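Shared between the two complexes below is chain A, which pairs with chain B and chain C, respectively.
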Partner chain A sequence: MASLGRCVRLITRVRPSLALASIPRATTIGCLHTLNTRECTVNNKSLLPTLNKTCSVRNYSAKEPLTLDMIQQRVLLVLKLYDKISPEKLTMDSHFMQDLGLDSLDHVEVIMAMEDEFGFEIPDGDAEKLLRPADIIRYVADKEDIYD
Partner chain B sequence: MSFLQTEIFTHSRRVCSLYKRAVRNIEAWYDQRPMFRYRAVLLRARFDENKNVKDLRVAQQLLDEGEKELFSQIHYQPRQFPHSPGGVACGREVIPPDWVLDYWHPMEKAQFPEYFARREQRKKEYVEWWEKTYGKPTEPAH
Partner chain C sequence: MLLSACLRKKIPQQTMSLKRFMLRVEALKLYRNVLRQAQQLPDPTQRQDVQEWVRADFETHRHHQDEETIKRLIMQGKQQLEELEKTIKRSK
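Let's look at the complex of A and B:
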């Protein structure tokens, strides 16, 4: 039972993240799980009682649905978890270098965390222009074609 | 022709690029997250101790040594994101260019009358904007 649960979780997890943002993603993982499952028949009658075992039939490598609000929550969560940023000073328009006192290498680390979070690479030319959380959110929404 | 230098990169930009590639390299070698974070912090300390070097020749030399060291320790199969160059999904989905829509058959275009009407309007506005910014073309269009 535990191994089946683990297997279902592995199948429905789209990409490994830093174990962050479990709150906004829980609903989407739930709906991915219910779309592509069916009831498995339990052959082994002796040991276990009849449980409703579900296993995934098809696992498409689709991205989870995103809205502007979710992107904003995820970006702000990642930034709050970074220990060089104090969460009280963090707003949507706080500049990394001037307001939050970050280094250029810290900025690189922030951009790498954003790449890991959203699953696509941000090239250096674009990365050096993303100096506020609002810029990052707009960039991610542009790349993922999200308008609402 | 790839030897032609088309862009000038500042020293800080090159250092940031080296740092990013080095951290991704460490992430490729150490798959356990705590080990990776430990090694990444050590690398950051190495970068930080040379942070205040003012002499650009020394800085350039350090950068070159760093690049050589990264090249010697690069992973044989680095982890790449799907849509980045070298990843599995790079170039998988080809989005056709916009001018292809002009070559549709009129029967197909009649299925979306509002869109194509708006498109013609947009094209006219674009030509007006162009002629206002850059002037009328001297040679006639082919």
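Let's look at the complex of A and C:
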């Protein structure tokens, strides 16, 4: 990973004309993100009086951007798909046990479904406090650092 | 698979002693761990079977009130969980 970082820094410092030479593709295997190379045109009239040269830029992909709205939709969708919850009774503030009639085993299943949906583990201590959809949404937003 | 689940009422209004509360937490942790192990099974029908099996077992023993019975059942459950883990590891 460090060598990859150095590679990228080297390339950005290289002048665009030199960048036309073959740029070594990343060899680091441990990189989790996919690499995209993007052609960008450089309008550097002082350096390149002739044609517009292009330089390659490396981009790394990341998770899709989450907003509060999206989190809410995903949470409610997962809950609607759960067969023990009737969709008509489901609201943002409906309590799993008191309003929706779930028991604690169902609650464990719901929390595990949320872990699968958002891709991170929820420890037991936090999980037992998440008793409404609104709590879950707030928790996920906290973990993913989303403030809008 | 004999597992226990104590005091899982739909509306938890009864206050429990600390010991009983801890046993409840243990039982729920056990359920969770079994479900996690089941997720590692490659075959979805097997996964479904294990989930239904666990649920049915917990339901059968829902009514127990005696702490010793509950502890014993939780211990048995943990042993069965270990066996499940070993089986999954071996099959990989």
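Throughout what follows, the second predicted complex is superposed on the first by the 87 of 148 C-alpha atoms of A that agree within 3 Å, B and C clash if a C-alpha of one lies under 4 Å from a C-alpha of the other, contacts with A are read in each partner's own complex, and residues count from 1 in each chain.
In the analysis below, a contact is a pair of C-beta atoms (placed from the backbone, for glycine too) under 8 Å apart; a residue touches a chain by one contact, two chains touch by 3 or more.
A quick note: this is a predicted structure, and the numbers were derived from the prediction, not measured.
Visitor: Identify whether chain B and chain C fit side by side or clash on chain A in the overlaid structures.
Guide: Superposition check on chain A flags a clash between chain B and chain C.
Visitor: So, A:81: does it touch chain B (first), chain C (second), both, or neither?
Guide: neither
Visitor: Using the touch definition from the top, say if A:92 reaches chain B (first), chain C (second), both or neither.
Guide: Once the two structures are laid over each other on A, A:92 reaches no partner at all.
Visitor: Is A:104 touching anything from chain B or chain C once the two structures are fitted on A? First, second, both or neither.
Guide: The answer is both, since A:104 touches chain B and chain C.
Visitor: After superposition on the shared chain, which partner residues are touched by A:119: those of chain B (first), chain C (second), both, or neither?
Guide: It touches chain B, and chain C stays clear.
Visitor: Jot down the residues of chain A that show up as touching in both complexes, chain B in one and chain C in the other.
Guide: Residues common to the chain A contacts of chain C and of chain B are 104-105, 108-109, 112, 124, 128, listed in rising order.
Visitor: Enumerate the contact residues on chain B facing chain A in the complex.
Guide: Touching chain A from chain B are residues 12-13, 15-17, 19-20, 23-24, 33, 44, 47-48, 80-84.
Visitor: Taking the complex as given, what residues does chain A use to touch chain C?
Guide: That would be residues 97-98, 101-105, 108-109, 112, 124, 128 of chain A.
Visitor: Where on chain C does chain A make contact in their complex?
Guide: Touch list, chain C to chain A: 5, 8-12, 24-25, 28-29, 31-32, 35-36, 39, 55, 58.
Visitor: Quick check on the complex: what are the chain A residues that touch chain B?
Guide: 18, 104-105, 107-109, 111-112, 115, 119-121, 124, 128
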